[in-house]
């Protein structure tokens, strides 16, 4: 990482830390953005850095959301354990879905993940503990580590921020690690990577599970922020949304998904008042992005500076 | 971050489905209804000398979006009351937030009984209708006509199940029998398989425990398969907007229950004529409910002399409501108890003018259309 | 492990594709330390043989012994880790990695940190020196930081050899390593192969008889999936069957 | 014959932002065989692709049988009677060998028949029903060559056709090219294999850094051998 | 009477017929998708919206056009719509292809998917804005109204649905014939793989691609007209269907023409049976099948393995 990027990260973290001291951006909105940013980053690890397009990531997001909601509400676990169980659940699901899906490539991979996540959706509709289409509502945020009351939005915010930063740092590290280097090689030329002695499936599976676990982490956080888990979280629209966030921000860039999440969540929020026009406007934004800013926001900016130097 | 007091304005938020499945029965029309209520309440748009402000937003039928918006409204914008809230999961999510923030919700569009039952809150009123009223109204009337054998086509989610359960209770209590049920995924477009099963079951009544598009398509296809000729198709939840888009040809002869019909009397007609000028469509019962709830809220604020939540709720629950559209009382569990109407869809030949769709067959008195308090599982009632 | 004369041995190796037998009953004996060439007309089954040896294809019949172990049942990556590394007939590089990184990916396996997703990428810099050395050897030193995508074809081939060598393979399988190269490059690569073959074994497919004649110790000629002849260059090139099936009337000298 | 089959003037060409050809000039008369020689990366393949408009941008002038093609779409250039055998072969994986052969539309009368082609390349006959990319490297090369002979194209752009072929086949291809030449085809040959190309061509163009830097006529081969050696390392 | 899991054999036949009807919609929609994917390498996410649009255009022709131009009597009836709407939609497709999709061919599938997703949102949003969400009714033409009572098997079969099955089978199989049994098919497949090279052989690939997209969109519009009298013409009718149709295409084998037709029909039947025996699962059964098929035969039932 060069000093310039370090500077950018520093500034961003400062802004994030100062967020509660302003009135312009609503804090819960900021939390939502952070949750989805983490989700999109986790997804990007798979798409941007492993070359696997999963069209079923909502399954992980939603499963973990439900698990956390269930254990925090019905069992009364404290939030840290609720989250831990959620992440474990989504990682386990990731292992299961991943080991089936990585046997296939490209568009087929996308479709297998879609199919399997539709089954998860089906389960979410049918299983009794998920509360059907009402979902699990009124999940208590609880006391973090027994003494930090998360009911307060400010402490909740800092908790979400901390978790996000940890998740983000993990992804950043993974991408640049020796492991990440091999992932990149696999994405570029799989047979060659095999002939160099790399057990390609193991790599794909590990990155799939990491991605699933982090997506789950995002889902659990979201559950605590909004205090609910619903079918929206496991619906294929959610899987689609995370693809959009990633592409909009710039896939294969580190900050892209964060920016993309901000844009999509922001659009949903601020276009909400104009009814059907919001759908139309969203549509136009995608069309324009694809036709004119294909690298995504962050990708375009990076490209601009690169071509200038 | 301390929630701000509402300051010098009274803010009313219409949180509704502006763009998806339920936008015709609630949606922009609900916003218009709320505006009309404010205008009717005071010429200069004030209460207690404070300005009344209206906000609206689209919740897209997603609980998380709704909860997010509700929080933001209550925390940041100082909204005092949120109205409409079609779709049960949305209503429950927002009620939860409102309870935490000690603010008010007035639910009009959502249908599930649990809203004033096991999920009830002290700051909520369920205004227009619920699954109990629907199934009691239509169910009882149809069984009493001697159509005792029922077959259900039910949307496979909590609302559908609740509706089916309530209706089943009514049917069996009145000596009828349920022959079978087909659960269909939500949403669904082709119902022919279920309809054929219903047909094969030989039931007198094919009851539709679903809503919106699903109901419309079920009715339409039932008439295509000629099912409505031999069996009675009963949509348990249907609005005038649905009948309008179905057309009388397919819808004729069906019984349904609503809390409001524009052509019921002079007062409803007067309101509706004004409404259609602005919205190009007649009001649905949900939209009428929004009008009524906003008007009642403002009246209660006036009466309480403050916008303090507890005071306003107290005023609301202690006033008899009669605004020309709805007439009744709000009970302790938050249910607005009022009469419902059993309606029959007219034959095309009987329809004299646009939107002339129903004959009012019976008035279901409030007591019958509402679950008795003795059966309630609402914490506000059981604790007493 | 006891050193054996024969490093790779196949017994009755065969492969059929939907009834078409591409390789049948091939018995290879590759001697340790030698450069062994596999030649034969197009479609004879040379690449298929390679694919079988590295398990990119599943043999229909036969056995593969490497250092006396039966590796017939092992997976491609496992075989690579045993020290059998191949290059591809159609150039196989990682296009969006830099040239240096291409080589480093191969070297990285030696560190044993390939699954360490929590480790910093800087931990790989220790490999740079060795990677540059290898690039020097194939004449790509000047391109180390170029995106591989932008290399001309011949250079990609050279890079591939460097990457293969980085694996320190005991047995290198090269599929037409000089294909598509200019004359200078061919000579340089020939020399290179000769040099790196010291201390290891090379099995290569090659159509360029000049290369074969100058460095191959032993040659196996395949035709229609089975062995037509085997021996030194002299023996093989004078074999009338081989001349008819492969070398052509002009013989080797003109090519 | 003296009509021009191909005349390239001041041709420049780009792949994306990289500028590859810098003003190439050469001309081929009807019935001639010429080669483009050069080191790897000199730009020979790019010349062929640019003639057909397959690079992202090109300027200058390319006349095919007298028609200016610089603004034409690729398919129209091909219809002027150009056959192209690309260096990466470009066999279609989803088509069988025979479908690959039959795919190309006839753009002029006088193409070879299927029998004639199979006779020339018996391997292809044997594998005619297997998917195109299941062929061995050499078989694919034969197929790529064979399919343009069917179309009746008279100007053939052949990129490294001997690459990866067994010596017998190379020899055979030499005969094929000679016979094509005798039949009046015009051929631009990009070759690495100088020995293959030398006896076939009327003229050799040496390409370096995206420019034609030297022209060597058939009869000057011996004189200019050292020069060629310098350029190509032959 | 002999009953199997609570259903009579007659009932079963009726249910199979109903399944076949849905299957023909799947077939005709997935056929269009398969053609577009096969040739343009684009996953046409707006296929559903284009189907919706077909239905709306037909409805507009029937009820609105006359009013727009001040001749309330004038309307375009079903039979004209059946021909006119696909043409209009094809023209629409042509414009989309020429102005937008064209720029994406050299890119990953993903971008095509995203662009068409955006288009779908726009189209849906527009109709939603203009005509509301509950949709409009479109009556079946006179002679296809009513039903044929099949007394022998104890059910009533609407005439219109029979017509749908017949006409969509005809369209599907003639499309198949043209694509697979003429040289066009070979061009299409080759064009998918390497359009540039195919151009170098003298084929007007850009035109071929435009026409293929237009044809695919036309098919979607055609399905829309067919569907209008059965379902409510509403802005979301396509988006609910599209994801299932994707599954159909994948199961059949991406880009395989015959595959998408046969799979469409078969899955209609299977889904129909699921609705009878285990209705809760009817929404997921196709995805279960998809997962299984992809794991066993990755290229799909009729796809060519790479």
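Every chain is named by a letter (A, B, C, D and E) in the order it is written, and numbering of its residues begins at 1.
The rule is short, and it goes like this: a residue touches a chain if its C-beta (ideal position, glycine included) is under 8 Å from a C-beta of that chain, and two chains touch if they have at least 3 such contacts.
Bear in mind the structure is a predicted one, so any value in this text is a computation, not a measurement.
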item	value
Shortest walk length in steps over touching chains, subunit B through to subunit D	2
Steps needed, at minimum, to go from subunit C to subunit E via contacts	2
Intersection of the contact lists for subunit C and subunit D	none
Identity of the chain that, by mean CA position, is farthest from subunit A	D
Pair joined by more contacting C-beta pairs (D-E or A-C)	A-C
Relative to subunit C, chain with the most remote C-alpha centre	B
Chain centre separation (subunit B, subunit C; CA means) in Å	75
Centre-of-Cα separation between subunit B and subunit A, whole angstrom	36
Distance from the mean Cα position of subunit D to that of subunit A, given in whole angstrom	51
Residues of subunit C whose C-beta touches two or more other chains	none
Touching two or more other chains - residues of subunit B	19, 23, 27, 156, 185
Where subunit E touches two or more other chains, by residue	125, 128, 280, 283-284
Full enumeration of touching chain pairs	A-B, A-C, A-E, B-E, C-D, D-E
Touching residues (chain side subunit E, partner subunit D) in the complex	183, 186-187, 189-190, 192-194, 196-197, 199-206, 304, 306
Of subunit A, residues touching subunit B in the complex	20, 23, 26-29, 32, 125, 131-135, 137-138, 153-154, 222, 226-228, 230, 232-233, 268-269, 272-276, 278-279
Touching residues (chain side subunit C, partner subunit A) in the complex	54, 56, 75-78, 80-81, 85-88, 92-97, 101, 104-106, 108-109, 111, 113-121, 123-124, 163, 167
Parts of subunit A lying in touch with subunit E, wherever the complex brings them together	53, 100, 103-104, 106-108, 111-112, 114-116, 118-119, 121-122, 126, 236, 240, 243-244, 247, 275-280, 282-287, 289-291, 294
Contact set on subunit D toward subunit C in their complex	18, 39-41, 87, 123, 127, 130, 134-139, 141-142, 160, 163-172, 192, 194-195, 232-234
